[in-house]
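Presented sequentially are two complexes of chain A, the first with chain B as partner and the second with chain C.
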Partner chain A sequence: MATTHSTPTGDTAAARPYLDQIDRLKGELPGAALSRVRELRRDGRERFAALGVPTVRQEAWKYTSLRPLEKVAFEPATAAAAAGTHIDVLPTVRPAGQTGPRLVFVNGRLRADLSSTDGLPDGVVLTGLADALSSHADFVGERLGRLANADEHPLVALNTAVLADGPVLHIPRGVVLDDPIELVFVSAAADGRATVFHPRTLIVADPLSKAVVIEHHVGPGGAPTFANHTAEVFVGEGATLRHYKVQREQTDAFHVSHAAATVCRDACYDNFILTSGARLSRNEVHAVLDGTGASCHVSGAYLVTGEQHCDTTTLIDHARPYGTSREVYKGAIDERARAVFQGKIIVRPGAQKTDGHQLNRALLLSDTAEIDSKPELEIYADDVKCSHGATAGELDDEALFYLRSRGIPKEEARGLLIASFLAEAIDEIPEEPVRDAFAAIATGWLAARRGGAR
Partner chain B sequence: MAATHETVEQVRALAEQKYKYGFTTDIDAETAPKGLNEDIIRFISAKKEEPEWLLQWRLRAFEAWKTMQEPHWPKLDYGPIDYQDAYYYAAPKLKNKPKSLDEVDPELLRTYEKLGIPLKEQAILAGVEGTEGQAPAIAVDAVFDSVSVATTYKAKLEEMGIIFCAISEAVHKCPELVQKYLGSVVPYTDNFFATLNSAAFTDGSFVYIPKGVRCPMELSTYFRINQANTGQFERTLIIADEGSYVSYLEGCTAPQRDENQLHAAVVELVALDNATIKYSTVQNWYPGDANGVGGIYNFVTKRGACRGVNSKISWTQVETGSAITWKYPSCILQGDNSVGEFYSVAITNNRQQADTGTKMIHIGKNTRSTIVSKGISAGRAQQTYRGLVKILPRAEGARNHTQCDSLLIGDQCGAHTVPYIESRNRSARVEHEATTAKISEDQLFYCRQRGLSEEDAVSLIVNGFCKEVLKELPMEFAVEAQKLVGISLEGSVG
Partner chain C sequence: MIEIRNLHATVDGKEILKGIDLTIGPGEVHAIMGPNGSGKSTLSYVLAGRDGYEVTKGSVSFYGEDLLAMEPEERAAAGLFLAFQYPVEIPGVANMTFLKSALNAMRKHRGEGDLDAMQFLKLVREKTRSLNMTDEMLKRAVNVGFSGGEKKRNETLQMAVLEPKFAILDETDSGLDIDALKIVADGVNALRSPERSMLVITHYQRLLNYIVPDHVHVLAHGRIQRSGGKELALELEQKGYKDFGVEEAA
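So, the complex of A and B:
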């Protein structure tokens, strides 16, 4: 098997500037008193130095080149710049005038002045990691680095080497949060300097709890930013966690995110990612169904145009019997944009009665758009039902003709068809307000597209 | 239900049979010393009395090979191969063209008999003159270790201008064709195994179908590895000129030995305007025993180029043998409106491992491809479908449909699907579907209730599962393939 032989390593030379930054930041990072955190950071640095920046010679990065990153001299984000950045309007899925629990991070650092934890039930922890490293040291110390695998994933290793701040959410046993929790991430290049930061998210849903978490990723633009997110999500027995994300950063932003979730017995993890921003983005979701009857929905929609590159990489690991997983991804790719979908389902030996389904459909809207799709099944148990489907193509001429013959102008008809195409993915979101908000974002993208060149 | 009944009968008849081609032929053979170096290549080239350009081509390939690394990306687990520990040339010592059946080495005759090739044909296979022209069914080129032993129906084919002979013969007979097309689809630098083959290939078949000719019979090659520790490196080149048609069959067996034997073949197909090539394989190399001892390592590069407009290349394969299979018959669809097809049944049992699939490269306008892959994994076997569908920007209106189904029998085996889909043309439509399932209890119960044993029932269901592919095989192979499906899965239930 390939593992017994050396696989091509990443670009260790390209890792150099980041290693220098790690060494410079070392003294300023919070939680240095905790030995577990010190070890994590040290191991992360070591692994990153050994693994290097991923290259297209590595199978997992075959279709996504991080070369463009090398052309930018990123500076680590500073606390002062984060505190001084002015934010006008914060994105939300709530109706106008309503507020709710929310954390705002600028360049990965918590802005307490913009955040609110009012109205959360007793026992729920919602705070920044920098704060939690002192206020809940044992709690975070025990869990950090347990799910996100820094040994294999160089960018997780990099994130771990300098982990400092990011959202920490703990929902105690049996607590049901009615109000969604919003996490806003603002990427801001202070004074026009290219900025890099590595937010770390930790979500722990204890048994039988229930919560909805919505991430907004935005950026005012101006200069390139590089956000390297790592999230760890624990979903306890019988818990339900719905984890939604919308990424609308400016087209000079780089956005890389790795979410690692473990789903216990009879628990349910929902993940939906809507991507329309960033020049280069990669969303990696790894969910391990680690208890009998665990389930997950990992879906998303990507809308890219111009020179954008959007990579979606998922791994659903059925480790126990009676697990179900469902994935529906839909993408619209316009102009010279390129989308990548790599979805893998593993069914471990003994994970009988697994039901896994995956679908990726891409719509190419221009002659220069490109889709690269790699749906993968790796199955070691016989009594399972697994399937995947992938399609690529353009809008159906007959459907277009149908609409046009009823007097709908061509562009409007195309818009309708694209919207309905995307709806198949967005409809996977069971929470109505989120679904509506995401559908509105997709509609907005389509309108902006129409208002453009065509 | 007659056909069904027949299948079951066949399976029953063969129930006790393990690998029936596992015998060895004790025959005088001429071998080159072990290992591969420039001298061996010169020796092989000299044996074949090759022209200088071909020797130089081989040597260039050898130079390139020395700088290459064995690929480790397939999902295959095997120990290191010592490429210097194998014989690169082995040939049965044939007397000068025997005139009658009595003069042919009886051991060689018995081999053909045991392989199930009819006696009448056998006379031809052993190189006896004077029996050709009787009841033509299939023209056969038999490759025994490193050399082509005989080619049948040559004269009849020649009347139509068809060239069907050993490639070593073609080098002399029609050097301009060989020089023009050899390595034009699979260049000598293509990959580790193809490059090794380019340096060391010993024999194989050559086919040329002239303009507008429809080849009147199935052409067939029968590959047999006999010598111990011998690598087989055959090279097949098929050229279908404008408007021609050919159907080609390939079969393979090897003796049962404890050591692993290496087989690294290259097949190149070229279809010009309006030409069609149908290439069918029943690969039944010795798969090793139940504990994974022995068996053939099968590393094969097969590729067809649809150079002309409206040309078509269709690959059909039934892969039941080999300890390790690494094989991706591919189509390069260059000509506008050209068509590529890949139909595959791969069965792995015991400790067999297979990493197989196809590549469809759409370059021309309105090119179409169909992929149907059926994988059956049993025992402790691991099987992977790995495929690429690539649509280049100029491939307006290209169309692909891929269907990959896997069937698992038992909880110790694995079935994996790794398709790559790259589309750079919006008018192209690409669809990929894959499913994995097991034989349902309901199906089994239904069959058992009607008095079929569990093994017969499984064979029946699996044959049904594969039907889509098996129906693409020429008649001659379809029956054998059906039997193979049953035998290969033996011992996988209960």
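So, the complex of A and C:
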């Protein structure tokens, strides 16, 4: 080894094809007239070139290798392909026949023809970033790149280098959105060509506002796709933002997402991610509790099988006193799938009376399933309550026999036990329609696994 | 008809059943009594098909079928029911969901459709009431936080809902108070019919006053040592098991 540097850099050679793409795309990106946006992109490119693609030699990526990406020659998504992709059925948590505000993105680009912003209260902005860069130039110019740290996170840097489109949501002060907002992301490899894209999400909930946002990530499959998401979420004083996500892309998809949230005084941020898709996924959630009495609730469930790899990495940063955070993750891992959970809680000096709780429980459904759990507490204040727990186990044989002895077939009995195990995480979602929809997705996954024995 | 022939079984390499012979005809109620550790629960687990109980010799014919070749759920579908000595707690699975899954699985096996929510509720309410159980117990997770007696009642409820052809009651009377014992016994008796047979494992002659057996067997050292009529239970109550090479409890 040439160097013994404490934080080795990533693979700069592997970054090369992406840098070429950045240079080719440069002329086509929207908002080039805005100097702040030009700077962000330029700095993003520079940082990505310097940092390279993350490797397992780096602590943050110790358990998740991006090497499989190198074997695929990804082409950047084109606007034409996104516009031409036929979409049959869009996922929703709404009852059949009911509509509501929704944005649809194909390969990261807004499909206005499939989207609807009808019925939103005055002042609420819900649109694509490409549009907002001209229609709300000052608003997005001021906020982009404030929370997602491109200096430290190479894939955020890459995303920033080509930021172009993605959801923009602004809820003005005191506005309460009764209807959830659905964001649908379709990953579609046009003409069977491996496709990469970098959607950028910006959500700004002004003080005392309230909203529910549900992200659906799906893909028809056919060829590999690589979605590299970055999201920035501002939750203003006393605001409540509930941010749910379900990722069900095909098993030839790569899905990497970095969500950075700042939660102000007395505000509440809820994040729940249900993962059952993608060949390789990484969901990184960073929440900074940056006001007294801020709270966040960052939870999820992951259901993986076959050769899937699913990484959940969270950082809860208690920067102010009287903050509460709660994390409950549950995972079911079957066949040769592998899951990773890295959960870090930081309590900054002065963040007294912090209450932080973290739990990750994995259920290993086969001898070859794997989980790597790395909980970390970094506490610099003395009057705090913090706990974390990580467990990995198998299905309870005794319970399984009891169910079977009552005539319930083995696979159905296993399904019941797995569903009840996952329920502990899914029950963390306070919004009933979302909770029910996510529970139904989990049940569907259970029914479909191993060839559909019910 | 259930025919157990020369049944030998080991647990963790240790032989527990050492040649059981027992024939139970349709409509008959047989009681098994025997000292602690004699193999009564082992026999019930072997019949229900629990993993880890290895049959090394012998056969069990269940209405003409080879019981030992069946999976536990197939045995249940064929009409076998075991009321567990120690019912299992299943956190996160509601008792109601459990009962419904079990009943619908059995109905499916018999070629009948699922009961709809209303029909199911009506059926369960009826059975719950006759066993003096509360609806609240149906909403709770299976056996979680149930008292010993409540667990036994819950076993009886499952039996009443599933209506098996052959029920094994493994110490269903243990832990029941006097009133509950009567209620559970009534529940069991309500199921008695010319087609349905039962194997009642108990330590107490008292239960057999309520559920009157046709035959009583003494199981000790992994074998049936003696069989007789219901009066055998009374005799055992007085004399204990010392005639069968078992030291009297101190």
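Everything that follows uses one rule, which is that the second predicted complex is superposed on the first by the 443 of 454 C-alpha atoms of A that agree within 3 Å, B and C clash if a C-alpha of one lies under 4 Å from a C-alpha of the other, contacts with A are read in each partner's own complex, and residues count from 1 in each chain.
FYI, contacts are C-beta pairs under 8 Å (C-beta built on N, C-alpha and C of every residue); 3 or more make two chains touch, one makes a residue touch a chain.
Predicted model only: the values in this text are computed from it and were never measured.
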item	value
Chain B versus chain C as contact partner of A:Tyr380, first or second or both or neither	first
Chain B versus chain C as contact partner of A:Val304, first or second or both or neither	neither
Which of chain B and chain C A:Cys296 touches, first, second, both or neither	neither
Winner by number of chain A residues touched, once chain B and chain C are compared	B
First, second, both or neither for A:Tyr402, with chain B first and chain C second	second
First (chain B), second (chain C), both or neither touched by A:Leu364	first
First, second, both or neither for A:Ile181, with chain B first and chain C second	neither
Which of chain B and chain C A:Ile273 touches, first, second, both or neither	neither
Chain B versus chain C as contact partner of A:Glu59, first or second or both or neither	first
Chain B and chain C footprints on chain A, overlapping residues	none
Chain A residues within the chain C interface of the complex	396-399, 401-410, 412-413, 416-417, 419-421, 423-424
Complex contact set, residues of chain B against chain A	72-77, 391, 393, 406, 408-438
Of all residues in chain C, those that touch chain A in their complex	48-51, 71-73, 75-77, 81-82, 84, 87-93, 97-98, 101-102, 105-106, 109, 141-142, 158, 162
Complex contact set, residues of chain A against chain B	1-2, 4-5, 7, 59, 349-350, 352, 362, 364-394
